[in-house]
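Before anything else, here is the set of structures, which you'll find just below.
One chain, subunit A, appears in both complexes that follow, with subunit B as partner in the first and subunit C in the second.
Entry: the complex of A and B
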């Protein structure tokens, strides 16, 4: 048992999001007890009901921030946590890239304004709580404040989340713990941790290649003859899902998950954001799918394209506010 | 002098459309000066990312020019371009890029007048649409 003064102070918070990332921390099973030995969760409203005042008692070492910045309250929370913590970590696709709530940015700006007027930031006369005022756009954490580390995923996979928590919270703890963390991270990050230093600021706790790199499916010749959606029946032959006509976004998505979805026949949805070498995930997916259309006839191709629905919502499902190059991104602050 | 001058990026295939563009100049066809030509080996190498990047970097229109189907120097490169265009158009439409802003045209080396006509038409049509702004979201997105 380590002495209380050696414990790292930990803050965990979710802005606009489903809280599956916080649930993910609880889902670390036995390790979550372990977490209590070397970290002191001084601020965790979801689990401990901590009030915001708790943050005023000295600086927090590591703050894990999940969720999209969608309301005025979210922005205040991000600013407050940035101010009061040493390391701010964006956990989950929402905080890292904008996530599903960020898809609201596809709607017309005038619609967002209409929503803005209905909300008010104070409670009304009868003491009923009202919704906080909506921001004009959903944003990822790094579009509002400086972010030190990013742990992507929806929610981040257990291994990765635990490895990241170990690496950042458990600095200077036992070598066994560190090697556990290092084994699950990209080489450069792992080397830094093994050497006892923090990885470079801005590091994303994910792989360097695309999901296809760690996907176990058999890749043969790609011919896209029909567009299927995941609920439609298909033959489980162990072949690449994209080759079978399912929109699998593994080609455009950053590795790190270990291909767990594609391994059980579920097409990749892109929750790790785009791979570093890719300019725009939507354009990459259009290229990956359409250049292998199994037709030379313009009419047939047009008919095939008719089958595709909601391209923007599919290709930028988790990353619209930050990684879609056709959408103007607002300045910080 | 305040009239809007559209910026058009043209990806021209080395074997057909680029030769046509060259010949259009030599033949002294009147052309709008709004096109920035980029010579590529084949229309089939124009990745959708290039087109998206052009729009993201401030282009008001993008033209991809290739050989007529069957005439490709690399046998089927232009067919690849043809396959990509409809799906890319759909994505661009959802992101608020109007249909007229992106075009795929077959212009053979022997058709310089066709090249001049295409860019003159395109410039005027985009001028009517106005500048492309990434912030402008149109309601063209359909959810099925």
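Entry: the complex of A and C
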């Protein structure tokens, strides 16, 4: 195939978080050796050390934004990349929903204040440099700017990340590698990728149903008679983890990963965000579990409920900022 | 007073920049981490068994360290197959981390994405394209091994209290053995390239030749279980102590200009970063591990260690070039270790977990991660919810080292009157080795 006449300009950035999403993007290049053929990464501080001034040289076609908005610098980065980019993509659970750093929103307010003090941007008499001020709490990208597409996961799986790059960057110019990803994408998104046109704005590159739909574990009868924690004894293979009494969020989480965690014997924690038909994953989990209690005795149920711990930190493990923001919705750029 | 900020520094796990102020005298360099990592806040109140999954946000090796801390907290000993699977994952992470660093090193002078398909790029200005393809392929392979063993490569999930959560299938065993052998061959090829074209000739590393961070104390795991060793800047053992007392020995100092605290030795007290010698600081990582001067168990790694000694002199070493060489030694050693471990009988067995009988109140673990020693200490309430999680990450342990390296890199650049762009490269290449 001939080289595209004009490569798409790509920006890649991580705010507060780890580098797993960026390394996943880098691994696309390792695995398919094609990223450089279709995209010209004009702004990638982690790999290329690009300064912000590079964004003033013209509009970027696609910006892949990972990480939680936790500092004023993160907010400014989001605003700048929104302004500079045709398409802004939230990559990974942190950008999409707030992610693990968002868990810190549950911590005591005194800790948040300590962080704020550390990050004070007040001038220092000795000429020492300053830090970007910490935001009052961690936010997801869409709480700061409008987001065009979402690639969920912590980190996103390679097939869905590649599907997003095919759809948004290559736009039909790549050899058809769609089968790699299409099996877990909604039909309309897969068809758009195949046709080389942009999927509908707001598309999440993930499945249409819940993780349970693609989990390979055996589902029998949902009766919640005991609440277990993952350090206790359970069958690592075979039967549905929820049916064994473990809190597993597959029932409330968007499909697309193929049940990676449940497949290796640990419960789903919801890194793909809530399934499309669900309003609140925590409420869904409470409903799913309480409706299958294997008892009608109030005392037994009360004893069972006693064993549920840290529900907010579990049900909203990756989505606390997006689901439980204490702030008013900020203005979007 | 003039101030220059070099932003953003490449290849850093956290957003980082170097700010340089000059006020008539020598330059003052601040290595700044500009985003917080609120690990304690993330962990507080969580069920303790969830920490291996949460703390992997720091690096995949933290998943393994947290699982070891859970073993101790719950008072359980993982069965041999689980210990082997965890160790195989640790080695795969070593290989991937170190190889990725070499990928960054090899591409440090050019944009690896530029003109990828042009005829010139097939050869590349440094004749590196085929080597890069080889490195890329084997980073992917190591990642695949990590996924088999850990469920995920970057945020693994399979290490649980008392063992692992998955058993391997027949095809996994065959694939792991294949990957391990390929990784060993790749490490040998890379070693040949580095020995011929990089270490002796100054190619790529020319900008940092002569740069060193030392002398500095090193902190590593001791040979005996649950022990740590502080080795003085002269190479002799300064102190040996139980891992549980690490935070009795090591303090964390917070500056207003960086979100990352600085680890220091409490016995020496916190001293200004510019103090010479920097005897309150220590460092961790591949070079710190080699600075014990002990022979290695695997032949290819030991041969490479000997070559390092012949070229640079006996340990302890503190040059940045020695740190890169230490990465190669460990790359070879991790691949050899994987080959030895990826045998069916070592990674298969009927029991994967020792089931805890009761919730403990306290657990700790120290682990040698690719970047150096890491440490976890958890305290819980009667329901097993985290009351306190203390973590020493390599970013904190080496924060002082990075400050020293950045300072010396800038001083060397200013002495040569180099443009700031070259200064930035010099800092980046210095830090990448650790």
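Simple rule for what comes next: the second predicted complex is superposed on the first by the 280 of 333 C-alpha atoms of A that agree within 3 Å, B and C clash if a C-alpha of one lies under 4 Å from a C-alpha of the other, contacts with A are read in each partner's own complex, and residues count from 1 in each chain.
Please note the rule applied: a contact is a pair of C-beta atoms (placed from the backbone, for glycine too) under 8 Å apart; a residue touches a chain by one contact, two chains touch by 3 or more.
Since the model is a prediction, treat every value here as computed from it, not as a measurement.
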*Where does A:309 make contact in the superposed view: on subunit B (first), on subunit C (second), on both, or on neither?*
both
*Go through the superposed model and pick first if A:277 touches only subunit B, second if only subunit C, both, or neither.*
neither
*asked:* Output check: A:226 vs subunit B and subunit C. Expected answer is one of first, second, both, neither. What do you get?
replied: neither
*Please work out whether A:107 is in contact with subunit B alone, subunit C alone, both, or neither, and reply first, second, both or neither.*
both
*After lining up the shared chain so the two structures overlap, which partner does A:146 touch, if you call subunit B first and subunit C second: first, second, both or neither?*
neither
*asked:* I'd like to know which partner A:47 touches here: subunit B for first, subunit C for second, both or neither.
replied: second
_Residue contacts on subunit A - larger count, subunit B or subunit C_ = C
_Under the stated touch criterion, which partner chain does A:197 make contact with: subunit B (first), subunit C (second), both, or neither?_
neither
_First, second, both or neither for A:218, with subunit B first and subunit C second_ = neither
*Which subunit A residues lie in the overlap of the subunit B contact set and the subunit C contact set?*
106-108, 309-310, 313
*Footprint of subunit C on subunit A - complex, ascending*: 3, 14-20, 23-24, 27, 29-31, 33, 35-37, 39-41, 45-52, 70-71, 73-74, 100-101, 103-104, 106-108, 111-112, 115, 118-120, 124, 127-132, 134, 154-155, 229-233, 236-237, 260-261, 263-266, 269, 309-310, 313-314
*Where on subunit B is subunit A touching in the complex?*
47-49, 51-53, 55-56, 69, 76, 79-80, 82-84, 86-88, 90-92, 94-97, 133-135, 137-139, 141, 143-144
*Within their complex, state which residues of subunit A touch subunit B.*
106-109, 278-280, 282-284, 286-287, 289-293, 295-296, 298, 301-302, 305, 308-313, 315, 324-328
*In their shared complex, at which residues does subunit C touch subunit A?*
1, 3, 5, 7-13, 15, 19, 21, 23, 28, 30, 32, 34-38, 40-42, 44-47, 49-50, 53-54, 57-59, 70, 74, 100, 104, 111-114, 116-117, 133, 136-137, 139-140, 143, 151-152, 154-155, 157-158, 160-162, 165-167, 254-259, 352-353, 355-356, 359, 383-385, 424, 428
